[in-house]
C-alpha cells in the first residue's frame, strides 16, 4: 500500500468508526506507516468524523512529527507510539470513549466476551489505572512514560480499559482494528443489558479463542468493512445507490487488505 | 411469484430488516424457492443492508449452491437448509444477532410475549446451546449436523434462541417472517425495560395464541410491510414523497403476498 | 376549520407523532369532525407515518364509516368512537404502543408525572385490563362493548394504560393531544431511568395540576407543534431551510388552534 | 465580536445543542451582550432547533426586552438574567431538560464526574428544589425572585440541577458552555449505565479540577465546536462535503473564540 492510499483509508477508518457511534469529538485512529515500521500515521488534532487524507501526518515511534508543523496535534499521541514500540505485531490502534465501554471503565466491572463477535476482545481485558503509577492526574495520557505504562498494561492483549477514561484497541491491520473496535463496543452494550436481566454467562476461554479466530479471518472482516464503508457513504451523501457491483467488490479493493500471511489468522 | 420477483423481494427484506436495526454486518434472510420447494434462495456473503437481487443465489436443501460459483458464501447457510428440510410449512428464515434479543441469549432469561405484537413469538421459545451436543466451538453453525440440531431444537416453534450467539426465526411467508423478526425484537426490548421496573407479567397461553393469530393475518402483516418498505425507500433516497396511492397500494402488490390459503391464518 | 384543512392537519399529526418515535406500523390518531360533533375523522388502515389527507375518512360515533367504502379500516376504531361518545370535551384521541410506555403496561408499575412536562399525564393514570371484563382475548379492542369499557376506565382522565397492549390518550384539541402523547412518552422514559438510579420522587398533586395547566396553554403547545412540524419536514425532505419567518409563524396558522375559550386552559 | 456575529453564533449554539439531543422543543441558550455586560441576548420563544439570528433579542439583566416587542418571550428568561447579575464571570447560560440529566433531578441521586470530559461538571453540582423556598408551584422559574434563588443555589459552580425540572449550565464563553452542556449530559448517561453495573467510582476532587482545566482549554473546546458545527451542517443540509480546509479551520473563525485571557484557562 502506498502512502497516499494509506492516508485515504486511515481517514475513512476514522470516519467509519465515528459513524458507528464509537468515536465522538474525541478519540483517534492510527496505523503503522506502510513503508516504514518505525513510523506511524495519525491525523492532526481534529474530531475523527471530520478527518480527511490531508489531515494525516507522519510520526516517529516516540510520537514526534517527522516534518516540523505548526498545526495542533493530539495530546495523547503517545498512546499510539507507546504501543507501536512495544508491539511489532500491531499495525493499527484506536483510542476511544465509547458510551457502552465507559461504564466498565467507571464501575470496574469485568468486560467479557458474551457473544461470538465479542470474542474479538480476546481472552483477557487488562484494566489500567493511571493513579496506580502517577497519582492524581488530569487522566490524559500525554507523557511518554504514561504511554509506555499503558502499553505495558496492554501486554500481549488487544484491548485495555482505562480507568474513568476510555479504552485503547489494537489490531494487526486497520480493518481488523475497525472490526474489533466496533464489535467490542457492541459486546459491552449487550453485557450491560444481560446484566440487567440478572445473569451474565460469558464465552469460556476455548470458545473465545475459536470464535475470535473465526471472525477475524479476512472474509468476515472485509464483509463488515464493506458494510461500514457503504454506511459512511450514505451518511456523507456520496452513496450512489445500491447497484450490485461486479462479484469482486470494489470498495475493499480500494483499501488495504488484512494481513493474512500469518498462519494464526488462517 | 416468479424467480426474478422473488429475488427482488428477498433482497428488499434483507435491507428492510437491517434498516429497522435488527440486522447489522452479519445475519441473513432466506426464502424457499417459489417454484421448487426443494431449493431455497439466499444472498452470497454480504451484509444484509447491501443485498441486491443479483446477489441472490439458489441452494439445494443441503445448502449446496445449485450452480457452481466462486463467490464467497455465508458460512452458516446450513441454518436455513436444516430448517427447510425439517419444516415443510416454513417458507422463510432469518438468522440474526439483534441487540435486544442477545441479552436473553447471554443471560438465559426466558423471552416471553409481553404485548400483543410480541405474541408472534408463539407459545414457546426454545433455547439451543451448541455446547450440549458439540462441546466448545466457535459458536458458528456451519456443519450440516449443527444445522440439523438447531432445526430439531426449533421443533414446531417459530423462533429459537441460540446461546451466546443470536436467534433464528421462521415464517410461513417472507412477509410474516419479517413481521415476526421485527416484532419479537421489539418485544425483547420491552421485556428488558419492564424487568427493570421490577415485574414482568406476560401474556398467557390463550392470549398468545389469539393475539398471534390476529396479528399474523394478511391485513396487519401487509400494513407493516408497506411501512417498512417506505422507510427503506426514505433511507435509500428512493422515496418519492408521500403521495397517497390509489386505494389499492402498489408497494405490497410488487411483493409476494402472505400465504393465506391455510385456514390457520384466517 | 374546514374539513379539507382538518384532514391535512390530522394526517400531519399522525406523521409527526410517528416521526417522534411514539407510533410505529401500528397505532392511530383521530380528531372530532370540526363541523359535526357527532362524527370523527380517522385514516383508513395504514401506518401513521404514511397517512395522507386523502386517507382520512369520516366515521359516526359508533365507528361506522359515513360513506360506504371497501378500503381496509382500523380494527380498533371503537377506541376512538367510545371516547368521543363518553367525553364531549375530548376532540382528539391517539392510541399507541410507545416503547417507553409499554414497560408500565407490562409490569403494572404506576406511571407518574416526574417532571413539569410530564404533568400532562394528569393527576391519575387509570390502568385497564381487558381480562377483567372479557377474559382471555387477542388483546385487541375491536368490539363496541370493549371500546365502551375502555372509555369508562379512562373516565375524566387524559390517558389510560392498557394491560400488555399500549395506551390511549385524549386531548381537547389535536395540538394538545400531540403534546400530551409525546411528553407523556418522554416522562415514562425518564421515570424508568430514575427508577434505575434507585428512587422516583414524582410531582405532588398540586404541582401536577399547576404544571399541567401551565404547559397546556396555547404558547407552549404551539411552540412544540411548530418544532415537530419542522422536524417532520426535515424527515420528509420538504424543509426549505431555517429562514426565520415573519414574526407570526406560518406553520401553526395553517393548522387548527388549541381550544382556548375555556377558562380552564387560561 | 459584533452584535450581528453574536446573533449568528448564538443561534447556531441553540441548534447545535439541540442537534446533539440535549434540547428539544423547550430549553434555551443565551449569551452576554458582547458590547454591553449589562445586557444579554436570547431568542424569542421558539424551539432551540429552529432559532435563527433574527430571533435573537436583547434583554436587560432584569430580563426585560431592551426594545418593546409583541413577540412571545420565554417565560423562564429570569434564569438567565439572575445568573448574569450574580456572576460577572459568566458569559453564556443554557437551561435544558436533557433525557440523561433528568433522572438525577427526579431521583435526587448525586451527579458526579465519572470520566475526564465529565469533569466539566466541576467539583460540586448543587441541587435546587423550588419547593423549599416557594412551596408547590408549576415548577417554572418565571419570577425574578425565583431566578435569583436559582442563581444563589448555583453559587460559584457551573451547573445546578433543578428538582423534577432540568438543569441550568453556565460558561465563561458560549463555546465553553456548549462543551460543558453536552459533555455533562454525556457524563450523566454514563453514570446511569455504570450504576446499572453495580458500582460508580467517580473522579476525586484533584482529578476533577485537573481534567476540567485540561479539557476547557481552547484546543479541546474548539475541536468539539468544529465537530458539532459540521454535524449541524449535515443535519440542515448545508454541509458541502468533507474537504479538508486550509490548516487554520474556517468554521471556528466564523464564530467567537473562547475567552482565553484569564490565566485560569491556560
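Structural remarks
Note that the chains take the letters A, B, C and D in the order they are written out, and that residue 1 is the start of every chain.
The rule we apply is simple: a residue touches a chain if its C-beta (ideal position, glycine included) is under 8 Å from a C-beta of that chain, and two chains touch if they have at least 3 such contacts.
Values in this document were obtained by computation on a predicted structure and should not be read as measured data.
By the document's definition of touch, common neighbours of chain B and chain D comprise A, C.
At the interface between chain C and chain D, under half of the residue numbers involved are used by both copies, so each side presents largely different positions.
Here the spacing of chain A and chain C, counted between their Cα centres, is 45 Å.
Chain centres here are Cα averages; for chain B and chain C they lie 32 Å apart. Shared interface positions of chain A, i.e. residues touching 2 or more other chains, are given as 195-196. Taken pairwise by the contact criterion, the protein chains form one closed cycle in which every chain touches exactly two others. Applying the touch criterion to all chain pairs gives A-B, A-D, B-C, C-D. Chain B makes touch with chain A in their complex at residues 15, 24-26, 44-47, 49-50, 52-55, 71-72, 75, 97, 99-100, 102-109, 136-140, 163-166, 192, 195-196, 235-238. Those residues of chain B whose C-beta lies close enough to touch chain C in the complex are 114-117, 119, 186, 189-191, 193-204, 206-207, 210-211, 213-215, 219-220, 223-224, 226-228, 230-231, 234, 239, 241-244, 247.
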